[in-house]
């Protein structure tokens, strides 16, 4: 997750923006729940407080949904939510909770599956960034890919880029469909 | 005058020098131009074994390195009596940092010399038993484990003399010190399991470990010379009596060292990479009483009712050394 | 470099701190008297000549030796070496073979033809010496070295005295004796042979001598009353031994009985063996412990088959046998007759009961005191008559070559002083370097080397020298066994063991010096000095 | 060159550009990434010649640095928290011997209770050991201060500690302007030691000094830090000339002109404070900020000059002098002796507690109304505190405070569930 925030900040940096990524500091061991933050701005970022009112939320492990107050501070209406899952928001049992959000900003993507497929290991970060780029449109895929390659040079990097691209496509596709549905209704 | 082949005793087997030896066969100490690394005017007590041992060792090291030597010194008698402002007795570049960090300081010196390409300059760390076996133990073990290119010399006078003779982990059983007084049912220091630094050093499998006493100069010099031929972590443990702390006559410093070896209480040997490679045999084996009796720190063993049990216990330590290191010549005695 | 204040100091600056002020005891270098020197009747500086010998400088060693004794080759054979009995090394392993090294040096000198150094200036005085024995020769040598002209009058046909007529060849080969005598004569000593002095005063007067040294020895064999048949063949030891130097050998027969217990008795018995006697029996009235003869001599005699009858006296002598009476020692250790007798076959009986001095030359000399058949002399060896000194066997003392040589030296010094109108005062003796003053740890174990001895058959048939010499390396080895008691041998211990570098090494032969500016007086140097050449003395406060 | 990298890596790269010759490493969070990065550079040969030594303790780390520096080598190490305390004896020694070691302290709290998060307790504990202490506000400044630290320390023969907030800076990914080697070489001359252990000119370093000279030695140590007060601004100017940006210096003012309230602080919290101040300014509040970069030596004159015109000073500090309150504020007050103004000490951010704009807004407004207590603990949970105090009054064996608090907060319970 921490890596995800890092790559996110790098991608933003590559697009000429100021970015600040930092983990929720702790002595966590691998696998334990962690939160990482990323600020993106057009001016120098001086603020050092943790992000308490995020504009976007990337949930890597949906099993935490009911354990920690994941959504606290996220503004209903214009907040983004991206969840790493092959299930739907309803299947996850939060359909009702997110009813107040703009549906086109709510997305799920099977990032872990994609990672296993393209990288061979269940490391969903890159895929989630691809999905994030797609759902928010704040970053373009190219800079995400560059950030990934910067972090993981060589084959692993390319695998991750592939995963990210796949996720990007999936999300874009869903959004297109969703848009069509919207018009249909 | 032409010199006869070295064949007979007076050619110096046991003496410091001797006119009958070819100059290059004499000890460093016999040299008229010896470096006196620890020069006169130092404030050591009369008959100080540490002052003697330090000059023996450092002179030998200077001789072996053509004076390309730097020393780091732990806090303690040696440091205090050799460098009270505004006078120092040292002839070599020397630094005193702290009590417990000498090995590490030496590591830093060696590292810096390596970076600066001064491989010719060698590094010695030195301290007393406190700065070696107690407070300096951590840094020492680290230096050993990394096999840093440092020779650590411990001048062991078996207690904290600088602060007034308190017990250290090198203090022998039954010895009286300011913190193990000769009172109560078990007077003097406890009979612990012992903390044999040379053996602990060997357990790091460093290239070279040796013990020596100020009673056998040639042996001591040979060991320093050997140590200087080797790169990596090396350790020499030198037995240096303290007339003040042990309560023996100032003129008996060397005699006491000799007795420590001849009774088997202080085994003199060499080891490389954890294996004992040579042992200095006992020449005329003596019972431990001979060693204990002249020292006031053991006086309580020889009172109205001598503590025969305790003496026997100490003798057992000596016998164990004799067995373990094979200190007695086969067939002898 | 611009060093941080106080924290960083310039090397060696502590020399400004004179720690000598701490001292309550001060070390001093001393020379103590080695027991060997102390025990030598000839007053040799034994440690002194062993020292150069240790480094193989034999000539230097010989020159030190001959400052006291001109006859090392002789002494190295006939001396009973009390030095070795006194040697501290005996308490470590065995005494240093001083005598054998002395002999080696003596022989080396003869082999290489070393000569004595030219004399000091002539004094113009003339001294008469009567007798060319060890004492006379020694006196002549020393007087000559002191610049006096010396004339020896010898009654016999050759020089040497008892060394020639008392000691058998197998103990002292004649060529050795002659070589050393010649060396003395070469110093310009006049020797008149067959020149018996009948009246000392007239000889002095006629020869215009300024002083005289009498050393005529004791050549008259003591007689004891033994009832003897006319046929009995009895001779005295002195005459017998003297006759050995003559043309034809004396006839002793197959069974020889020697009566007495001194070294002469032994010499005779061993000589008899060599002359072909089947039996050579010594009859002695006491036990071996009480026997005056030197133990090594007795040992060698027994090895050669000489038999000894302890606790026996000769009652009477017959044609071909003698009667011997058994004795017992009383509580005082004196032999008492038992009346128990037995008969021994004997072709001849040799009496070795000691010798008397022929004092005829002293008739009419006023002031002389003669007691127990010998001339009494003062501590300066002068007789009761001014200018007449005496020594050797004719004065009261033990009768050995070594003692005689010592007398010669002592007398010479006093005569010299007397001639110059002064008194010779011997320098005060150093404190004795006793064993407890040594730190023997530093000496490794090195047992004495045994001199080779002649095989038994040749010892019984020939007069070849019984005891051989050490070769060069053995001699060096023996020399190096010397502990150098009480005298610095530059082992560098003091220089090495000083924790304060307060000992200054002055270089080869120059020994050491203390630097009292820094010496704290710990005393390590004194304790660790192997040879006891450092003494600690309290500082005066 | 601009890069988006972790603060630790930025510092590591800066240190590498300074051509250190001996680096000692002992792991302790949150400093560890720095020496890890340096270790890799040395192993790979990217940083050479340099000896990287994995020591067995911080005590040893500083001691190795002492030895290396005494031979004239440029020595560096990094630590934090307990690690800094473990090397305290050697800290005083390096300063006393005048050895210009440079060390990063990734500021972290000190136990017990053990706490790995950020505050300034570690650095503050060493404020009097003789080291120069510089506090970085941003990762860019942290990076730059290391380059200045070697220059300053070596010029004065004094060790320099560069303090950067643990995790907040060390683990943050930000845009960093990495200088080129030529620039750094230009700014930082070869190390010319005042004293060096060398057989060619032997000296004894570390003599025992008695009453006759000890005071003088200590005074000289003080005098050297006073010289730093002049050097630091000079170095800051030269730095600007070569690197084209402001970094370091003694103090940094922000909107203090005409400010009636001035907030004083150290380190990364200045960013959050500035944002807050901007917001308040936009609402018409006359408030400004004084950031202290050089805590040792402490720039009394500059602090006095800046604060003198204000009506009140709010000192926010991430450390607590138990039994009195503030450490930084005590120093600030020393600068203001004789000056009449309201002074407030605010203890904030202990053990990693976030300092938020929200809390600051509230705090500053109370200050402006002079309703603030002289000593305030930001966001202190009075319920917990009072409950514990109550309980302790009642029962003798109230158990360890930390654990009881956790129980009150409910964390322990949550873990169990």
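Order as written gives the chain letters A, B, C and D; numbering starts at 1 within each chain.
Note that in this section a residue touches a chain if its C-beta (ideal position, glycine included) is under 8 Å from a C-beta of that chain, and two chains touch if they have at least 3 such contacts.
Just so you know, these numbers come straight off a predicted model, no measurement behind them.
**Q** Under the document's definition of touching, what chains do chain C and chain D have as common neighbours?
**A** Intersection of chain C and chain D contact lists gives B.
**Q** Could you compare the number of C-beta pairs in contact for B-D with that for A-D and name the larger?
**A** B-D
**Q** What is the distance, in whole Å, between the centres of chain B and chain D, each centre taken as the mean of its C-alpha atoms?
**A** The mean C-alpha positions of chain B and chain D differ by 44 Å.
**Q** Centroid from C-alpha atoms only, then distance chain A to chain B, rounded to Å. What do you get?
**A** Distance between chain centres, rounded to whole Å: 67 Å.
**Q** Can you give the whole-Å distance between the Cα centres of chain A and chain D?
**A** Chain centres of chain A and chain D, defined by C-alpha means, are spaced 35 Å apart.
**Q** Roughly how far is chain B from chain C, centre to centre by C-alpha average, rounded to an integer in Å?
**A** About 50 Å, centre to centre.
**Q** Which positions in chain B touch two or more other chains at once?
**A** Touching at least two other chains: 82-83, 85-86, 88, 90-92.
**Q** Would you pick out the residues of chain D that each touch at least 2 other chains?
**A** 97, 201-207, 209, 213
**Q** For chain C, jot down the residues that touch at least 2 other chains.
**A** 6-7, 9-11
**Q** Throw together a list of every chain pair that touches.
**A** Final set of chain pairs in contact is A-D, B-C, B-D, C-D.
**Q** Quick one: in the complex, what on chain B touches chain D?
**A** These residues of chain B touch chain D: 67-70, 72-73, 79-80, 82-86, 88, 90-98, 100-101, 104-117, 121, 138-139, 141-142, 145-146.
**Q** Within the complex, which stretch of chain D touches chain A?
**A** Going through chain D, the ones touching chain A are 2, 4, 6, 29-30, 116-118, 138, 165-168, 171-175, 268-272, 274-275, 352, 354-357.
**Q** Where on chain B does chain C make contact in their complex?
**A** It is residues 1-4, 7-20, 26-27, 29-30, 32, 36, 38-44, 46-49, 51-52, 55, 82-83, 85-92, 217, 243, 249-255, 258 of chain B that touch chain C.
**Q** Quick one: in the complex, what on chain D touches chain B?
**A** 21-22, 24, 49-51, 53-57, 59-73, 75, 89-90, 93, 97, 197-199, 201-210, 212-213
**Q** Which residues of chain C touch chain B in their complex?
**A** 6-7, 9-19, 22, 54-57, 441-446, 473, 476-477, 480-482, 484, 489-493, 495-497, 499-502, 505, 507-509, 515, 517-518, 520-524, 526-528, 530, 536
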